[in-house]
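Okay, structure first, notes after.
Chain IDs A, B, C and D follow the sequence of writing; residue 1 opens each chain.
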Amino acid sequence: MSSKNYTLKIDCSDAIGLVYEITNLLSIKRVNIIKNDEFVDNDNSHFYMRTEFSGTINEGSLIEDLKNILPKDSNVFLTSQANKNIVVLVTKEHHCLSDLLIRNHFKELNANILAVIGNHEKLGGLTKRFDIPYHFVNHEGKTRENHEKEVEEIIESYSPDYLVLAKYMRILTPEFSAKYANKIINIHHSFLPAFIGANPYKQAYERGVKMIGATAHFVNEKLDEGPIISQDITHVTHAENAKSLSKKGKEIERMVLAKALKLVFEDKTFVKENKTVIFD
Amino acid sequence: MSSKNYTLKIDCSDAIGLVYEITNLLSIKRVNIIKNDEFVDNDNSHFYMRTEFSGTINEGSLIEDLKNILPKDSNVFLTSQANKNIVVLVTKEHHCLSDLLIRNHFKELNANILAVIGNHEKLGGLTKRFDIPYHFVNHEGKTRENHEKEVEEIIESYSPDYLVLAKYMRILTPEFSAKYANKIINIHHSFLPAFIGANPYKQAYERGVKMIGATAHFVNEKLDEGPIISQDITHVTHAENAKSLSKKGKEIERMVLAKALKLVFEDKTFVKENKTVIFD
Amino acid sequence: MSSKNYTLKIDCSDAIGLVYEITNLLSIKRVNIIKNDEFVDNDNSHFYMRTEFSGTINEGSLIEDLKNILPKDSNVFLTSQANKNIVVLVTKEHHCLSDLLIRNHFKELNANILAVIGNHEKLGGLTKRFDIPYHFVNHEGKTRENHEKEVEEIIESYSPDYLVLAKYMRILTPEFSAKYANKIINIHHSFLPAFIGANPYKQAYERGVKMIGATAHFVNEKLDEGPIISQDITHVTHAENAKSLSKKGKEIERMVLAKALKLVFEDKTFVKENKTVIFD
Amino acid sequence: MSSKNYTLKIDCSDAIGLVYEITNLLSIKRVNIIKNDEFVDNDNSHFYMRTEFSGTINEGSLIEDLKNILPKDSNVFLTSQANKNIVVLVTKEHHCLSDLLIRNHFKELNANILAVIGNHEKLGGLTKRFDIPYHFVNHEGKTRENHEKEVEEIIESYSPDYLVLAKYMRILTPEFSAKYANKIINIHHSFLPAFIGANPYKQAYERGVKMIGATAHFVNEKLDEGPIISQDITHVTHAENAKSLSKKGKEIERMVLAKALKLVFEDKTFVKENKTVIFD
């Protein structure tokens, strides 16, 4: 066995001495701690810790030893995997996909795009320019369930760690969302919880807001109500209309998704019910 | 008559040659244009223009001449008044009032605070330190209408140009809002239209958002749905709770209100239905 | 002749009645003004105006008629050209070029990339994926002048409207900069005028700043002292090192350059000595 | 002895097992850790840790025990003091002082303003409205050293923890700066290191920048080169002049100083040579 870089994520009920117990164990295992973050959610008395370390360890035995000293409800996640494997779902808008393809091409994504699936043909050409397989799964004339089943079969053939909805404009079934709960990252074209639903930029225009925003979140059964990872806004004026707001919004969507994916792929996010804890 | 600085605001149905017609008239009146802004809302075919000029004019005759060359639905507003007269309404939180009192004290508000009215006693001491009258109008044991009537009488005694709700936590009656429509500026403790209603910071905490914001708007019969003047946000993390969000939010509220008041008091805002046009 | 969309840019010494004179002339020419912006730089008594209009006109005669009513030092620029033709210069970093290639591919750049010239081979592959010619001009073993002459010959063969330095890390000769003065847009990896010179992110790290930024500017004989078009920053902490600052900086560089190019290619910028006037 | 809230700050050369050793000791002392932050500066192999805990301890003995387990170069700072005692130095501009006086009045500053010292009389009236002593120390007709000596005597009579330069426009002598090294917080009216020196807003105007900023920093012998605590910017356009930039700048200065003081007064800052490490 040779030394590797690891990321360790622990969350559990809070208890006295957890940092000491964990760092003691790591000290006994003779690993070298590179970075350490903890957070205690006092309202819910829940403990979160993320540690980057390097060392030569038996992974299974470390997890077991941690489980033995931690409260019973603990989640322990340990990985030495540098890149996540992902499948990207799209419809017609290219701006988020373009950004992902470029970052993937230059190995700046902390992930490997295994494939892109689209319910329109439009983005196939761009995807293939980067030598990534593109699967066009037409939804026309199919029930939501049948279309999704086809999509799901393709996804399963790639066994990805995460799905990225890069402006995928189809509503997911509860079954699909539940199956991949917190394994799907979506970019929503509004500053949630404002303007939930269709045409948020039109809604924003009609309300006369002075800022528009975007929200990246994990998808679970609650869809747009899933745990928020990242949000940002840009200021706008009366001189915008729904179309120009949408254009400006795309710049924010792209940035917010990129930031959220960086956090997720570097294992910096914890999900607890409908919220995230993020060590940035 | 001596030369004065004027601000002229015009809005009307759009028509060919309006800028030419108006600047022609101003040219005939031999005034000196300092600054000029126009905007055409193409969706509604409506024209907006704001001009700062200096000159020696007959005000009534300029307005009449403008009305003659403009479409029938035109609104013409002409002022040489440097400062607006305002009355401020408060409850218990001081951060917005403090900011207004300081700016007023150093003549940086483009307005004169004539009086402060509070439904609690708490902010009387601060107000009096700045030699501004404070009227405590207790709402306890009174109907909303009766309390508001007392407040209204005090307001009327000062004949203010604008009312500023600096964290005034009472809901206004439709009659009051209609009477002072677009003459009331409110600071709302959320990025509208998110988290309308009570306890927005608690709502924000429970939703797990990564930004909180504030919105300054004109009040009309629709209360929080009134025309938005200014909005801004600050980024937050999982480490906040409802109380700390509220503390952070106050910094944004203060800034957003200050910015909105500057725009209103410098006659840079137009209201058209539930939206504003702002020449900043 | 058929109706076209035009952009008209005028700047000249300030004088009474300029807006009236110009809009009068446009009114006589029976064009339809879509958008109009003016600014008077009172310190230098200089007038700037930008007008978008549609109409059927004799271009030469409009310019002549404008010249006749304007002060002698006037600059009049009239165009109905939708897209600028550009040549992009690069070295090894891809992030700005990638962004330009994607926007160009989807016709979102208000410009056509005619060619990319690099002093390294590295970005040739990416460029060719988008079917754009890539010219590798090795600088090794050549004087600055001789290398630049080769570059210049290729540029001249394309007759571009603008040159974009998308992280081109060669210092230009004064002759080259003067030849293309205010026709070159550069992205500088710092919030100018801070950290002029080599390795700005290393300088930023050593100074312990809490923000890093980027600046897009026109290049003239003064190089990094040229007129600034756009700037932005991102907040950073003690946890960054020179390398991670550089990574974060690239995100800002890309955004700031994109924003500046949008302004330039839509003819929204005026250059006056070492400053810009921008109607956004 | 009864239980108290403590803040513990440790920095020292990095070594294996420091977190474990420290948390082990705290565990033995039976204190309750509320919040814990660590950072290792890998470039300089230096360790930083800040811990908030509650408990009943012998303070001297905890520090001694920590010193025994830590590397020889360790700095250990332990406090249960809720508020810092401060003296504020001013000249003529009120915006930063106003903000401090208001926050102090409402106990929102994590500090007590013991006194204000001014080299002009102007801000005495405002200060006294808040029942804080104001010392006017005229600098006219005195050498820098003699004036500073008078100021220093007044400071010493209050024994403050920190000095706040709230737009104090006098240059400090190296002796004074050294004496209070890292105990003075200054607000500098530019985004350092841009526009060091006099009239930064005039410099910014002449350079035609599109953003202006402010920097709060500790003062040491290097004056404006001292360790930066906080920085922020605001976007500006060509329409500003030096005077309006200065007005806009004041809003940023006030915010940046307020943010920096919060960090300092909550013992969240470490100074290491010319940089800060901040656990926010």
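Everything that follows uses one rule, which is that a contact is a pair of C-beta atoms (placed from the backbone, for glycine too) under 8 Å apart; a residue touches a chain by one contact, two chains touch by 3 or more.
Computed from a predicted structure; not experimentally measured.
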**Report entry** Listed pair (A-C, A-B or B-C) duplicating the B-D contact set, over half by residue number
**Finding:** A-C
Query - Same or different contact residues where chain C meets its copy chain B, judged by the half mark - result: same
Query - Pair sharing more residue contacts (C-beta pairs) when C-D is set against A-D - result: C-D
Query raised in the report: What is the distance in Å between the mean C-alpha positions of chain A and chain D?
Result: 38
Query raised in the report: In whole angstrom, how far does the Cα centroid of chain C sit from the Cα centroid of chain D?
Result: 41
Report summary line: chain B touches at least 2 other chains through residues none
Report task. State the interface residues of chain D toward chain B in the complex, per the touch definition above. Result -> 94, 98-99, 102, 105-106, 126, 129-130, 251, 255, 258
Query - Residues of chain B that touch chain A when the two form their complex - result: 39, 41-43, 191-195, 207-211, 213, 227-233, 235, 237-239, 241, 274-278, 280
Query raised in the report: Which part of chain A faces chain D closely enough to touch in the complex?
Result: 16-17, 19-20, 23-24, 26-27, 32-36, 38, 40
